[in-house]
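The data blocks that follow each hold one structure.
You will see subunit A twice below: alongside subunit B first, and alongside subunit C after that.
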Partner chain A sequence: MNESFEVSEAKSLGRTVVLRVRGRLDARAAPLLMERAAAVRANGQNLVLNLADVSFIGSSGIGAVLAVAEQFQEQGGIVRLTSLSTSVASVFRLLNLDRFLKIDANEEESLAAVEL
Partner chain B sequence: MRPSSSSPEATRSRPSDGGTLHALAERDHALHALIDLNQGFTVTLDLYKTVDHLLLNLMGQLGTSRAVLWLLTDDPAAPPILIRSHGMNQQAARVLMERCGAQVVKRLCQDSAPILAAAMEEAFGSSAAALVRQEDIAILAPLWASGATLGVVALGPGVAGAGFQPLEVQVLEASLGIAGVAIQNGESYNRVLESSRQLRLANEELKQLDRKQSEFLTNVNHELRTPLCVVVSSLECALEMKQGPAELRTLLQNSVCQARKLFGMVDNLLTLSELSRDTLSLRVVEHDLIRTLVRFHAKRLPGVSAGRRELLLDVPPRLAPARFDDHRISQILDALVDNAVKFTRPGSRIVLRAGEMLRDETRWVHIEVEDDGPGIPADQLPTLFDPFQQPDGSATRVGGMGIGLALAHDLAERMGGRLLASSAPGQGSTFTLLLRANALGGGGPDLDRSTLQIETIDGS
Partner chain C sequence: MKASSPVKSVFGIRWIVTFAAVALITVVVLSLGAVHERNVRETLTSEIENRILLSARNLALISASALLGNYPELTLHPLLKEMQASRPELAVTTVVDVSGVIQGDTDVRKVGEKYVPPDGLKPLPRVPGQGTDELLVENDELLVARVTVRSSAGQRLGTASVGIRREYITRTIGRVRFQQIPILISLLAAGIGCAFFLMSFLLRPVAALRSGIERIGNGDFDTPIRLGDRTELGLLAETVNAMASQLKIGQTEARERDRLAHEIELARRIQHSLLPTGRRTFGELVIEGAHQAATEVGGDYYDVIELPGGRVGIAIADVAGKGLAGCMVTSMLHALLHTLSEMYDSPTELLSALDARLGSMLERGRFVSMFYGVLVPETGRIVYASAGHCPLLIYRGATKTVEWQYTEGIPLCAIRGGVVRKTLRDVTVEVGPGDVLVQYTDGINEATDASGSEQFGFEQIERVVQAAGSGGPAAVLDALQQAVESWRGGSSPEDDETLLVIARSEAQVRDRSSEPAGARTAGAQYAEAQNAGAGSAAAEAARRGLERLVEARQQGRRLVLPATIDSLGLIRGWIGSCPHLEDLPADQLEILHLALYEACANVAEHAYHENPRREYELWWVPPNGPPPASGKPGGEDRGAPHHTVVGEGFFLLRDDGAAYRADNWHESDFSDRAVWRRGRGFGRDIIQRVMDEVAYYPATREGNIVVMTFDPSESLGELRDSETRNSDHERVL
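Take a look at the complex of A and B:
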């Protein structure tokens, strides 16, 4: 339960930033993810969220991802999710979130899609 | 990207890997949502962070990108206050509750259960339901605790385009019950913290008052006993009748002088008491200030000179008539001159100066009491006119009961005037008494008598 949570900037290409998320994306971690995403949005950049190392995603974490997607959309920005871990993919599938969120197999695909 | 809510009650489509497994996964998700909710409430007691957590949790729980929370106020007529909105424009969220908050709150308080889009028309009426639909809200639910509705939560449709399942609505209801208790507890806790802070401040003030009272009693004891001792011992000597007429006269003069001093102190204490009880009656009429000052200067000159201080009077040939109480102005001037004497060394100079001035669009006659003493540090000026306050912060260094300047200040204000102080260390002090002026020959502006909050006797 005390597994650490990290959000690190993996790369920044043009107007797009890739954030890699690691650990449990739960109630404690959700505000941090929103804070980091808000900073990207404040710079007018697009966002690719790499969720490969997310070991668990709770309701607050899912809510945070949806809120980030909604905020970027409202301001004309783009968010793409990439490399979903098994636990994330199964919850997203359960809630059919793939109909709303743009999900790619890897960072390259996401970056290519953002640049289009 | 936002899905249509045209069929909000539709059941979410299930994958083909078996209904049982899917149902189990949904229960697992619901259970984790409640665990996540509970976990978040252990992190903070702040209202806004708690609400943020609740809304994110509900969004993840139900797969929606829109969640809003309003809290009810103590005023039943006021619309609920918007606390947080995710995915809905804040202004739109405010307007929505202003326009249909009353119907929504009434129904939610009545039912204490979430209301889904299909039931809104029946629940709130067609116009309110239309407003809610316009904001793409799929569900409105009460936030409740201890049997009372605390607020309203609105949620958008699921982003997958499906409606909410019965289990999801039940979990939502349970979540809002848990959240209501958490928010209520947080608010109670924060109120207790605030009350404790205010009690601590009040306690500190009481301690300070208690300290000042003790200092005051010590000073009164000292100040009243000293002249009484002189009076008693002088009279005892006189009773022995061994002295000649000249010595006897000196003893009696000492007694009279100290008795007058006592009389003045008692008079000041009584005046202060009357001021604090708001029972002091003043006779504010027009006076010739020059005549009053000349008389006052003559009265105080012998005593001040005897203390080796020069008391100068500097008045112009003519002054506009001023409005004041003749008896109380002597108390004010006595306090200012006593203060100057107390804080200057022998050899110092004290000047009584009079003139006219315009300030705050009002015409004033002013009296300055200026000394060339050590001056007052800037940090002591703000509390200079507080009762029982010695300018150097100690109760005993220069003696006195610490009421003279407070009394002078209050009396000046009660007469419709002002008492100001200006000073700097090493540059002496100047106390300026402002009195409302009447123009000479009636040519100046009229006094605004409405500002006088005391009994006035108009000379005309």
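Take a look at the complex of A and C:
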């Protein structure tokens, strides 16, 4: 039940950092995600969020993703989401968020899009 | 262009006095001159009369011997010539014999002629020393003395006449008058000089006095007028100085009064701002107050406080003593009451706590009479305690009678050291349909009539309430206010007049009585307040929610969850056990799970604040049709699309926690970056998009109920377009 949540830095390529999110992205996990994203933003880097291993995303998690995306955009940074898990993808689709968020199939595509 | 202001001409006192002195001196001198002239004239006339009489007498003596001779004219002529030469003023010097012939005259041609006396001669009154042969006669031009000439033997020989022109007398007097003119002028000059000098000397302090008074007029009360004058002007200056001192004291006092009046006005505004305004409605109970402030800042206070659990605190108090101190005590009372009212359920306990706290702050001799009650709108019951406050008057709607309730409590802080507590007790009053409770301060019952001799009194309060009670709280309030106002006869109230009525309306009671009896949730009052004015619609909605609950209890599958976020993980397994749901495609299951997760998270967070000791229920009531034959995971039709229409089922959430407003939710617009920045509040979006309909029934007698309609046969993949989902829900959403 208390599935662990973790955010790990997979790679850093140029001005872009890839964070891999794992576990339940709920109200408790959301602040951690925002904290890690803020660190990347503070360095002036772009962000690729790999959500492949997110088993559950609640409204708080969605809120965190949206807030991160907005914060990066305000500073002229880029956030791309990649490798959405089924649950994440279906929620995004449910809320029509796939129309607004930049979503890629895999990390390479995201990196290529960011570095373009 | 210079504006000219009319200047009043000023007449100098010294000039007025000088002119007056000159006029006076002139009058005096002229009067004296006139008297003097008259005296001179009389004296001179008398003197001249005597002189011509003497001259005539002498001429008669001399003429006697001449008239006895043969040629008297030879003797008389030289004599008369000499006489006229030495006395030129003499106009007549004639000697006539007994036959009336002129024998001697200064004009020699007249000798020998018959004597013709001048016309109009009249005899004058005799003067002292005038002889019998002597006569004084006069006309307008002449004054003549006639003396008979006699021989030594006494024989009459003739008449000697000596005359003088009157003109001579006038000329002589004129000469005397002319001599007086320099004296008159000298006297006038001396008078003018003296008057001017004297007036200048005497009036010199007037200028100093004037400038001093002008200084005072400009507000300088500190510089006294120093004259050093021992006349009445000096006394006047001292009087003006004393007046300036008094004015200064008066001005200081006036400023102080103004400042105090300003402070009092501010205090009055602050005090007034502490009092609630308008009518307050709690379910079927209505509380309404009225406050009429006295001219001075009074110490009345009343308040209506919403307490946890839907209860309502009602306070009315009167601080002994008016003025700013009284006003400050009411402010303290307000602050303390709002702090303590949530800590004490019992009015006695609350009043005791107030007594203890106020006692440490109030000066000795200052006390507070206070009524405090806790009203439970659901039950229409009020528990109150009264600390020396006016007795409670109750109008009973059912019997249309009034009753007084007296208590034995003494005012707060009347006796220090916790004695008050022993006198207080909680009294319970059932507020029935149509009942009106009246509380007030002593400004009402002690309002005096126009003559100031008789008080309004409790009996009149009772009569007014008895008469107006059936009209409801507003009627009672109006009637009492008008009765007291007319009792006062239009004069301002001497003390604050505060009225508070608590009433239960009959109309709303009927609505309530139609609802099932039983325990009601803590949030019931909230819902009622929200639905005030549409009570029957709210009751109807609540009934629908309760019907769904009954349905769930009969046909549904239940999950009981502790109010924690961690326990939300139980939902996924429970969904898997529910008919019609267990074999939903994985992605749809995921979405449904998310929606239920969000709905339950709302309850755990907002209704119970994640209290692990509290629980709530989640029900699934499947559609009426049979579940698909191969619903189990691993079945032969696993993964097959579910297009069979079986109708809608519903999820039902029931909790006993706090009701929350569901009617202010708006669908999130994700094209709005502000929504992204907000980063939260999307749970409702998920629920709304997953469920067909969401109905919220807060604060029913079974608690808060949420019914979420869900059709498992619809493909969640075909996402419900949010725009088509704004169906005409009649419930509060």
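Definition applied: the second predicted complex is superposed on the first by the 116 of 116 C-alpha atoms of A that agree within 3 Å, B and C clash if a C-alpha of one lies under 4 Å from a C-alpha of the other, contacts with A are read in each partner's own complex, and residues count from 1 in each chain.
Following the convention adopted for this analysis, contacts are C-beta pairs under 8 Å (C-beta built on N, C-alpha and C of every residue); 3 or more make two chains touch, one makes a residue touch a chain.
Computed from a prediction, not measured in an experiment: that's the story for all the values here.
If you put the two complexes together on subunit A, you find that subunit B and subunit C bump into each other. By the touch criterion defined above, A:Thr86 reaches subunit C but does not reach subunit B. By the document's definition of touching, of the two partners only subunit B reaches A:Pro31; subunit C does not. In the superposed model, A:Ser59 makes contact with both subunit B and subunit C. Contact with both subunit B and subunit C is seen for A:Leu97 once the two complexes are overlaid on the shared chain. On subunit A, the patch touched by subunit B and the patch touched by subunit C overlap at residues 26-28, 34, 58-60, 62-64, 66-67, 69-70, 73, 90-91, 93-97, 99-100. Touching subunit A in their complex are the following residues of subunit B: 1-3, 12-13, 15, 22, 25-26, 29, 32-33, 35-37, 39-40, 43, 49, 52-53, 55-61, 63-67, 86-87, 158-162. Looking at the complex, you find that subunit A touches subunit C at residues 1-2, 26-28, 34, 56-60, 62-64, 66-67, 69-71, 73, 86-87, 89-91, 93-97, 99-100. Residues 565-566, 569-570, 586-588, 590-591, 593-594, 597-598, 601, 668, 670-671, 673, 675-683, 685-686, 689-690, 716, 719, 722 of subunit C are the ones touching subunit A in the complex.
Note for the complex: subunit A touches subunit B at residues 26-28, 30-31, 34, 58-67, 69-70, 73, 90-91, 93-97, 99-101.
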